[in-house]
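The same chain A turns up in both complexes below, where it pairs with chain B and then with chain C.
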Partner chain A sequence: MSEDLNKTAQSQQAASATPAAKPAAPAAAKPAAARPATPAAPAKPAVNEMKPKQVEAAKLHDELKRLHDQEGMDFLLSLTGVDREDDGLAVVYQLENTTTLKQAILECVVTDRENPLVPSAADLWNIACTYEREVYDFYGIKFTGHPDMRRLFMREDWVGYPFRKDDETEKNNPLRMTNEPLSDTTTEYVLTEDGKVEAVEHAIFQEDDYVINIGPQHPSTHGVLHFRVALEGERIRKIDPVLGYIHRGVEKISEKMTYPQTLALTDRLDYLGAMQNRHALCMCIEQAMGVEVSDRVQVIRTIMDELQRIDSHILFFSCLCQDLGATTAFLYGFRDREKILDIFEETCGGRLILNYNTIGGVMADIHPNFVKRVKEFIPYMRKNIQEYHDIFTGNVIFQNRSKGVGVLSKEQVISFGCTGGTGRASGWHNDLRKLRPYAAYDRVQFNEVTRTEGDSFARYMIRLDEILESLHIIEQLIDNIPEGNFREKMKPIIKLPVGQFYSEVEGSRGRFGVYIESKGDKSPYRLHYRSTGLPLVAVMDTACKDNMIADLITIGGTVDYVVPDIDR
Partner chain B sequence: MFNFTTITNWLHSFLTTTCGFAEWGAILTESVLVALVIITLYAVFAIALIYMERKVCAFFQCRLGPMRVGKWGLLQVFSDVFKMLTKEIISMRQTDQFLHNLAPFLVVMASMITFACLPWNQGAHIIDFNVGVFFFLAISSIGVVGILLAGWSSNNKFSLIGAMRSGAQIISYELSIGLTMLAMICLTGTMSFSEICNDQYVNGWNIVRGHVPAVIAFIIYLVAGNAECNRGPFDLPECESELTAGYHTEYSGMHFGYYYLAEYLNLFICAGMASTIFLGGWAPLQIAGLDGFNAVMAFIPGAVWFVGKAFFVVFLLMWLRWTFPRLRIDQILSLEWKYLIPFTMVNLVLMALCVAMGWTF
Partner chain C sequence: MKRAKIKSIPYEEFKDNETYEKLVEELNAGGANVIVKKLDDLIDWGRSNSLWPLTFATSCCGIEFMAVCAARYDIARFGFEVTRNSPRQADVILVCGTITTKMAPVLRCLYDQMADPKYVVAIGGCSISGGPFNKSYHVLNGVDKIIPVDVYVPGCPPRPESFLYGMMQLQRIVKVENFFGTTNRKEKDPYKVEAEIKEEHIYNQEEQA
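Moving on to the complex of A and B:
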């Protein structure tokens, strides 16, 4: 990495000229180097660079347990597998203490590619159970002591581990003409005292369980999601989510793409958080390169993110109403969502797939009508929220069906990593816009909406209240969008410095993070998205247990997952 | 008031004297004619109701509803029916073929026979005898057998759960319907539909005569009737968002069409019964003292009154359906067993007291 010292003074000056735009990463105190049109090597380490602490596999569990028990790292933010080729396979743990917001980043590298073994953290964080299955699926790393070591996304008869750099995926996996097998048993790898590994079989369902399949083609799963539900009468005993029906391997595809190309795929993750997803990726790349975007861009991005959030929450309302049988309220929501999509269409050209953010700014300046339209929309939406409350919130049937249904405690949502509205409904203050303000969130007044009940009704109310907060944020920004470039001039080929980078934004349904590992090339060596939806699906079993089938629909609707974001 | 017996008597004498039919032959011919009329009316009403539902629902939802096929989409339902008639009936592997094919006919049969119980006009009662109300309740229960068989024979878990829910729900709510009807029989003193209507023609509508207990009975009847039709907030057996389509998931073509038809006709029958028992059936609106007004009202044929009242109740039920979210199965059952049944029982006693003490109009 070549140091470019003579420009440091200039970049610091530029950074201090725009003090408001604080980056999101932990090292937020250091100003980022702002050097438009001179990317590649930053003078200072990037603000979002991660410096993981290396831990041996043998000591990993003890270290994780120490961090969990003694340092209060109760939130497993992300767990990422990386194939370092000759250096072995790595697992990166990102932990956070939810009260002090202190973070710890651990990395464990195993060199044995044939039989890589890492101790499981499933006993410390519930969500580790799902994340480790993902890593096992993609990299073949077996987590010893994990009670359910099945593939998460790929078919059960898949050969090889597709995210490994040396995997011959297409050769090993020709188009299969057989139905996908679904096993009723799962394997646990137990490390015996003499260092050997034993495979222990567990049954997923009991003998007398009446198992029905909710999905993959089902009106209430909001996409191709499959729940195997064990019932006792109408009561749910266990839910086993089967994922991967629309797994496209976005992360793997991105490894073959240049950075600007990877942007196109983010809108296709959580299509109701298209703006925020792309914002996160752009921000991660910009921070890693040390590019400072203009104030105008920061404000536009903030407004767009909030519009997207309103769009998402309106759709949440609509779909929940539809799922509970109130089809009229469903169309009320869609009527209002059209207005936002029209606003998007004028500026971005798209309605769902927006392709708006880009590295160094946004694709195009806002449309001349944008400000007027948004200002018309704010009072319109405020009025219509009242209509939603009149037709649906106050309805006695809805209240009976949602209050006290699917209660999640604060400990549970943290352990499952359920960020966003689902976490806030249980009293977990996890709004990244407040915790570590990014873009223009530090210059606006708004409340972080939280509730303590943790039931379906609280999750519903959080979203409706957040619409009002988002309107309030937009209202403060819309009249004073600063002048400036809507896009910084970037080099034609964008390269990131060597290192690991992580940036995140508050997506429509939680903290959406982007992990980039770079070898200094024009494409990422490893790109991982912290899915906002995966924890929400993982928590379904806990939330639905001993509730009825009808409650599964209510709970699924209120935790608000979006399937393409889960499957990636 | 137009009396339909003039037409039936004329037809009978036409067949026996002019055509020289024997008495049994004349009755046989008349029965066939009546059956044809009923089946035609059944289809016509189904089409009218489906069109009405689509338009009513659309206006509740800030939409226009069908607009493309014909003026204001008037031909939409006809084309849908045509489509349904031409669709293939798919038989599933490993289903109980006999029961699977029988089930829709049971449902549609129950609905047709109850349809024939409705008093259309003075003198236009097709099935009418002294225990008409009992007969109606008994026949309407056959439909639930069809639904249970459909769920059982489909070899589909969703269908089975839907059918079981339906069974539990319909059997429960039949109690409320029976008890509210009983309260009104208390008032009229007869179980024959023709006499119930005649009585209301002479003495005024039951909902006015029976005042408080009658109004309570009417409201409970609407709730329970809605549940009987598997509609509105009570559409659990087929609730789309949980059980895809409930008991008729595996049906296609006209077999599905029968369920669809029966659903709408049951809605009309439920509304028709409400108008017969509470709103005077074919009896016109009469206000004591306003002779001119009464004469004008009496000039309108009874059939128009009856259908008009029935469609008014249908509108009420559609309004409910398109406003409320769906209940959960335990809530449905506790609503019935913990609230509606005690209420109807108390109401029955209240009605009996009113009648015994002569506190009726």
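Moving on to the complex of A and C:
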């Protein structure tokens, strides 16, 4: 465990050792520096505390460009907006170099609440386009030079910016039962020479585009997702995803909850990664408080995470088959999934929403049957994977529909930040369990499955192979679950020290991160989840371009997004 | 009094029989022709055993719905397995998952597109009251604010058994309905009420302008 912590600490040091984080940047003299009073320095700084470098809005783009071009920061991990009330609105950038794993964290604060302007980074990272739209939607920060400054989640006729602390959201937005307006144009805010801002209109689709709507109620979109698809014959020209049909405002309602209460919502984000999501949040809180959980907890959490991953991948397989018309395979998948759910149910009491991890450990010790059941499950699942290959993988129709369809290059997946199986199918080594091992991953042997084709078939195979790897991990741990507490004794009221904290885990479909900004209260000042699904939807336009409309289903199925996790 | 019989579950074991009896009473208030009633029974028997649900899942509860459709719980035993993707062909809409304010008009539209007689089952805390998210600015606190609901199935998510139990409750309702000559829907359509309020609002605004 201590070794594990050290590693994280090292990576943090590595991050702060980058030039980006050089202390006392001149910009700090600006009001940007008006951070909450100096934190009462804890005895030992939290391993996951972030020390962002302050950058002025005017210099932000140059700085980002320098980091992108010269320091090779090709992966925009996360972009978070924060409302600091009197101190202005902040945007936090987390960048990573995918080869050296160096990180850089920047923060830009603008004090103008009426018309906050920040230069856009959409020209550097593709995913910035989507993240910035999210920040605009929540905080009203306009990104100058962004080609498509529309709301991302809310309706276009929404009034106000819901994440601002002073927004009267409920008052301004009664339930609207009229059909949603969807405009055909979008706005770009251009900064002119003399410092003025001009709004320029762009058309979203071309004049002669034939646009059809897929969703929000469509069985193959895996939830309520809406694509506006421009077609040329049967070929896709452009996809414009319309999100927010399941935007539940999780991050905002968390701000009014105590830390233990916020845990409940993580399971419901990406319900196929319930264990991992909650693990991430618990880990973030624990690390920020300096709590060390026992070895037993680390191992239990690891096993549970892997079981959850298998569960998720089986569901992926079943749904993909179902969408492509293979109903039998669907039934096979669900048959095996029930076995995992049985194991979960015995220990956690729930089938889908598990509520198992908690701050300082897990809710209850494992069930006496747990080890036995898991051990029975491992050979059973190994055998059945073969069956999956027999009934579906070799199928000619499936092969034709997936090989060479929706190809994504490595550069593309990195630029879009598509972590998880989708990234690994294109040859990007992004498995956090290998890169920065947490929990008990440093004591197990396993392979990071990667492929290079980047097509739908590769994405499919990756997930089936990962099931085997997960089984292998569980096999190594299940016999030596160490003795110890299953939960540390925590204070009845949990408060985090002042500061910004970030922790992440490898979720079922990518890197799931938790950003907490704390002012020392018993509820988070800002809680942001790095969604694993948002980049996956953002990449759909690129992946589907020039493919047939029917392939949209295959591609959407294989990139494997879960919609409530996208919308949060 | 007429009571629907559900195989393997005795009448007494159903919860909330009072509401059910009240409904039956209401339906039979006018009395009925013997022959028509017999025909009704026949048709209701057929209908109740082949309710076609619309696949409508917005979030977590939808995954449990898939589990109910799969081999272990096998919804096909009761004749509900023909899930339809088009509302035009569906008899019942199972609202599985959170309904946000952005989704609300879409749900209403789907409901309006379904052909009568149609039923709504609200599944899970979210569709009953907003569930864990009921303090959110973007979540509808209960689908019964926009569409009339026949059966509520609580849980987060409900266990597959509860799904099936809820569907059987619906079967009981279907089995006592009159098919010929009368309309059955007794619940107030919340949307109609809402629409009136809105019209008034628009009217007021126009007047002010």
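Everything below uses one rule, namely that the second predicted complex is superposed on the first by the 525 of 568 C-alpha atoms of A that agree within 3 Å, B and C clash if a C-alpha of one lies under 4 Å from a C-alpha of the other, contacts with A are read in each partner's own complex, and residues count from 1 in each chain.
The working rule: a residue touches a chain if its C-beta (ideal position, glycine included) is under 8 Å from a C-beta of that chain, and two chains touch if they have at least 3 such contacts.
The structure presented is a predicted model; accordingly, all values stated were derived computationally and were not measured.
Visitor: Looking at the overlay, does A:93 come into contact with chain B only (first), chain C only (second), both, or neither?
Guide: It touches nothing on chain B or chain C.
Visitor: Looking at the overlay, does A:398 come into contact with chain B only (first), chain C only (second), both, or neither?
Guide: The first partner, chain B, only.
Visitor: Going by the contact rule set out at the top, does A:335 touch chain B (first), chain C (second), both, or neither?
Guide: both
Visitor: Report for A:136: first if it touches chain B alone, second if chain C alone, otherwise both or neither.
Guide: Touch partners of A:136: none, neither chain B nor chain C.
Visitor: Does chain B (first) or chain C (second) touch A:234, or do both, or does neither?
Guide: After superposition on chain A, A:234 lies in contact with chain B alone.
Visitor: Counting only touches as set out at the top, which of chain B and chain C does A:549 meet: first, second, both, neither?
Guide: After superposition on chain A, A:549 lies in contact with chain B alone.
Visitor: Could you tell me if A:325 is touching chain B, chain C, both of them or neither one (first, second, both, neither)?
Guide: It touches chain B, and chain C stays clear.
Visitor: Of chain B and chain C, which one touches more of chain A's residues?
Guide: When the residues of chain A touched by each partner are counted, C comes out ahead.
Visitor: Looking at A:210 after the superposition, I want to know if it touches chain B, chain C, both of them or none. Which is it: first, second, both, neither?
Guide: first
Visitor: For chain A, which residues lie in the overlap of the chain B contacts and the chain C contacts?
Guide: Residues 218-219, 330-331, 335, which sit in both footprints.
Visitor: For the complex, which residues does chain A have touching chain C?
Guide: Chain A reaches chain C through residues 153-155, 162, 169-170, 173, 175-180, 216-219, 223-224, 244-250, 252-253, 256, 264-265, 268, 271-272, 315, 318-319, 330-331, 334-335, 337-338, 341, 351-353, 563-564.
Visitor: Which residues of chain C touch chain A once you look at their complex with the stated criterion?
Guide: The contact residues of chain C facing chain A are 55-60, 62-64, 66-67, 70-72, 85, 87, 97-98, 100-106, 108-110, 132-133, 135-140, 145-146, 156-157, 159, 191, 194-195, 198.
Visitor: Enumerate the contact residues on chain B facing chain A in the complex.
Guide: Going by the criterion above, the answer is residues 57, 60-63, 157-158, 161, 233, 235-236, 239-244, 322-331.
Visitor: With touch defined as at the start, can you tell me which chain A residues reach chain B in the complex?
Guide: For chain A paired with chain B, touching residues are 210, 212, 218-220, 234, 321-332, 335, 391-392, 395, 397-398, 400-401, 548-553.
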